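Look at the two complexes coming up: chain A is in both, with chain B in one and chain C in the other.
What follows is the complex of A and B.
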């Protein structure tokens, strides 16, 4: 009886995965290479790579992919650079006004980011950052940095300070301890921070539109207009590209982290 | 005297609370000193102060006659080992041991050599490429010890290093560590709450309670001649009687009708008995003091029988 229940549960989970993940992905991929897949036909009439070729031959899209990835990767790196020391400070040190500071760091996601972006837009124009890549990168920090600080803080909380103390009492300097012990031990948190801020940056439309002023063209900027076009084949291909970017990033990140730990240990 | 470490009136206060009040002691080169105290007596804080992980509020710490009060942890030739091994999980056993040597601008070859040598001494060299999570608790402690000793510290601080292990492992590892420390000639300061451990390992014991040193000296001297009530309770066995302390070795149990020349100091009932190390011990509940006393006797007594406690101290 118990076993029956167990297998029943597995079957339900499997069906669920098939229905909501495998099935849509298969449909999407098929859609991107099939023509004439309309109502009375259960299966596509014929297959063609026309959708993908169209996508590839469109310089605007290729350009947008580059821009998007450059922005997203910069956002990830800035997130790690800024969030790490802040989170360490909040987690490992006691000082007056710590709670207030923590709340301040969380504010950007408590206040609608559009409201902040509108105000920041004026400042960015004054500073000459609007309509520029760097301006967009900075504005993408708004919806990402608070999460990154939170996630790193959780990591530092869990790690505690003893590892660093142990390493220092052996005779290793603080900075080296950080890069060789703390940083590698935060790997799970770095992974989540990187992926989350990458995906958030990737899906920004409004913030990019306001600060980028249509000059900085990221994938979402052309994704929307594309959606209005009639060719479903191209849209399917486009969507796959969009979905594949984070997966590729995650793979590259894994490789980098492996290499990093390997170098650090030598 | 040429002490390796000399602690002079060290004080530590934290948020208006005195944790250590004027601690003074010294340890000679090659000596193993055991700091014994109940939990919360400040013994861990003392080690952290010596390691430089906590700033001290007053006093001096002299290492080889040099003041190290303001020297950063990483620059003090003092290594602290915590209760848990804290082996870096992303490094193999050998990489863990070599971790500190990297700071010393040594060639990779000599680092590996020194690491392997030390792993040999701690009998862990066959595990050199293993990751820490695959090791048992005792093995992890051995690696942690190798990682500390490979740095050739002037002073090694051990913060209850055996307390996370089970009884059997603790006993075997303790003897083994003690022998290795002696063989390497490492000056060691060990913190423990276990008085047997302190007696076995320590060339000298330092008794700490409520942030004060109660007494220090050779284990047998402190055991036989406790200076105050705290020491009597913490370290010695015996009977506290109206201001005087009678060590257990002068006490005897006698049945009520026994004829003896010894002085009767107290009366009580046998509440239980147990065997240990081939001897029979009786737990006696004393009448007037409401305390329990454990004494060995060759005579046989039944549970619940009334007995006399005799002393032959000033005979």
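What follows is the complex of A and C.
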């Protein structure tokens, strides 16, 4: 009886959680295709794809999708390149000053990134990095890198050194061990790191606005002025684009990882 | 060979370390330089901040929003994790937790807007009941309720994802020992869970706090024009007029940075000690 009660309780909590998470998303999707669903009408007047069509026919938005994706993918790749070795070093080695270093690697998400962006603004202009993709990509590293290091460290912690050692003792070169053993085994962590840094890069308004100087037009640059505009259907559709982009990215990443593993196995 | 082996970890760490220290070090240094007054009175902008009524109100509202969002996210996230961590091991249900994580903060703000604004869904439903909708604003309101709701929706899943692996590491037998000795749920929490979860909880809280207090995206959309949160005020100063308020913006951000660095160091030290102390007791 008590067991039954407990399972009943679990189910209720899960359903509540599901509602809490999915209900707003369902409302959003409905909103993007409903006309006249505004106060005080409790139900949409009729359904239409007009919001989506308006979005699709806006050349500025299509252009911004390219810019946003280029920046986000670069941020993901730089995150993997920078974070993997750090995580390996922190996880598998003991050395002096490790705790201090770990704290330093957490700093970019503890120090206000707005302060850093404002401080770097003039220097970025002087170096010619401002108003360009590269400047925006670099500044997006700040809110992403600490998470990537943390997630890769968890991966290396779990992996231990036994796999790499085994491969090394049968005489495989260090770099080859990395590409054929370590990298494939970290696949779940690579997936999380890629997804999270992609989403964080997608979510930046203030940093992009300051360093991009209004010239680098990512999707958020357009979304903000849209927010208070009249057409709710368009904003709802626009909002959904932000959720679709990470999902598409994840699917493409999955294909690449499959191909990679296939090649390595041969 | 030996020297290479001891130096190896430093090679691994160097690129990222250089990048981070250069960006943060130089960025903060430049902000500091630009926050100083030019002729004679170096700290003129800092004293201006101290005497500003608006800044005082900004500090108050920022602290209130940040502390409320952080505490509620931690408590709700902890509650959900405690109840469901056994469930999440086998079931693929845990992927629904990822949904709010892949949605940007400003889109989450829009979700809160369509649900809780004066013309939102809740107001519409209430309109059918009482004939006028929401009696007071929940979004773009003086109490920043919309902002707090957005942060909770976004950060609770983050807390769950941080805690889940820790809870799944806890040896079930510890709880059994406490239970057979007649301990209740509170004692299980205090003696078994807290030593494992506590340090991570502190760190997670710190990360959320640091993010919320300095983030621009959500309060820019769902806040009010007076009082503003830190980043909104600073952002406005930064771009206002002919840049004459820039030093003021830099000064306020420097103060926030110094406070955040000091409090982060304290909290990380406490968290590390806590972890170490527990590790020692485990060996005994």
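To be clear about the criterion, the second predicted complex is superposed on the first by the 245 of 266 C-alpha atoms of A that agree within 3 Å, B and C clash if a C-alpha of one lies under 4 Å from a C-alpha of the other, contacts with A are read in each partner's own complex, and residues count from 1 in each chain.
As a convention for this text, a contact is a pair of C-beta atoms (placed from the backbone, for glycine too) under 8 Å apart; a residue touches a chain by one contact, two chains touch by 3 or more.
Every value quoted in this text rests on a predicted model; they were computed, and no experiment measured them.
Colleague: Touch check for A:162: first (chain B), second (chain C), both, or neither?
Modeller: first
Colleague: Counting only touches as set out at the top, which of chain B and chain C does A:5 meet: first, second, both, neither?
Modeller: Neither: A:5 stays clear of chain B and chain C.
Colleague: In the superposed arrangement, which partner chain does A:203 touch: chain B (first), chain C (second), both, or neither?
Modeller: Second partner only, chain C.
Colleague: After superposing on the shared chain, does chain C or chain B touch more chain A residues?
Modeller: Residues of chain A touched, chain B against chain C: more for C.
Colleague: With both complexes superposed on chain A, which partner does A:247 reach: first (chain B), second (chain C), both or neither?
Modeller: The second partner, chain C, only.
Colleague: When the two structures are overlaid on chain A, which partner does A:89 contact: first (chain B), second (chain C), both, or neither?
Modeller: second
Colleague: Scan A:46 for contacts with chain B and chain C and give back first, second, both or neither.
Modeller: Neither partner.
Colleague: What part of chain A is shared between its chain B contacts and its chain C contacts?
Modeller: In the superposed arrangement, which is not itself an observed complex, chain A uses no residue for both chain B and chain C.
Colleague: Over in the complex, which chain A residues touch chain B? Could you list them?
Modeller: 162-163, 165-174, 176, 180-181, 184-185, 187, 261, 265-266
Colleague: Which residues of chain C touch chain A in their complex?
Modeller: Residues 6, 8-13, 15-17, 19-21, 23-24, 26-32, 34, 80, 83-84, 87, 93, 96-97, 99-107, 110-112, 114-115, 118-121, 123-125, 127-128, 133, 153, 157, 165, 206-207, 210-211, 213-214, 216-217, 220-221, 230-231, 234-235, 238, 246, 249-250, 253-254, 256-257, 260-261, 264-265, 268, 272 of chain C touch chain A in their complex.
Colleague: Tell me, which parts of chain A touch chain C in their complex?
Modeller: 9-10, 13-14, 17-18, 20-22, 24-25, 27-28, 31, 38-42, 82-83, 85-86, 88-90, 92-93, 95, 99, 101, 103-120, 122-123, 138, 141-142, 145, 149, 154, 195-196, 199, 202-206, 210, 220, 223-224, 227, 232, 235-236, 239, 242-243, 246-247
Colleague: For chain B, which residues count as touching chain A in their complex?
Modeller: The touching residues are 51-53, 73-80, 82, 84, 86, 88-91, 95, 99-100, 102-104, 108, 147-148, 151.
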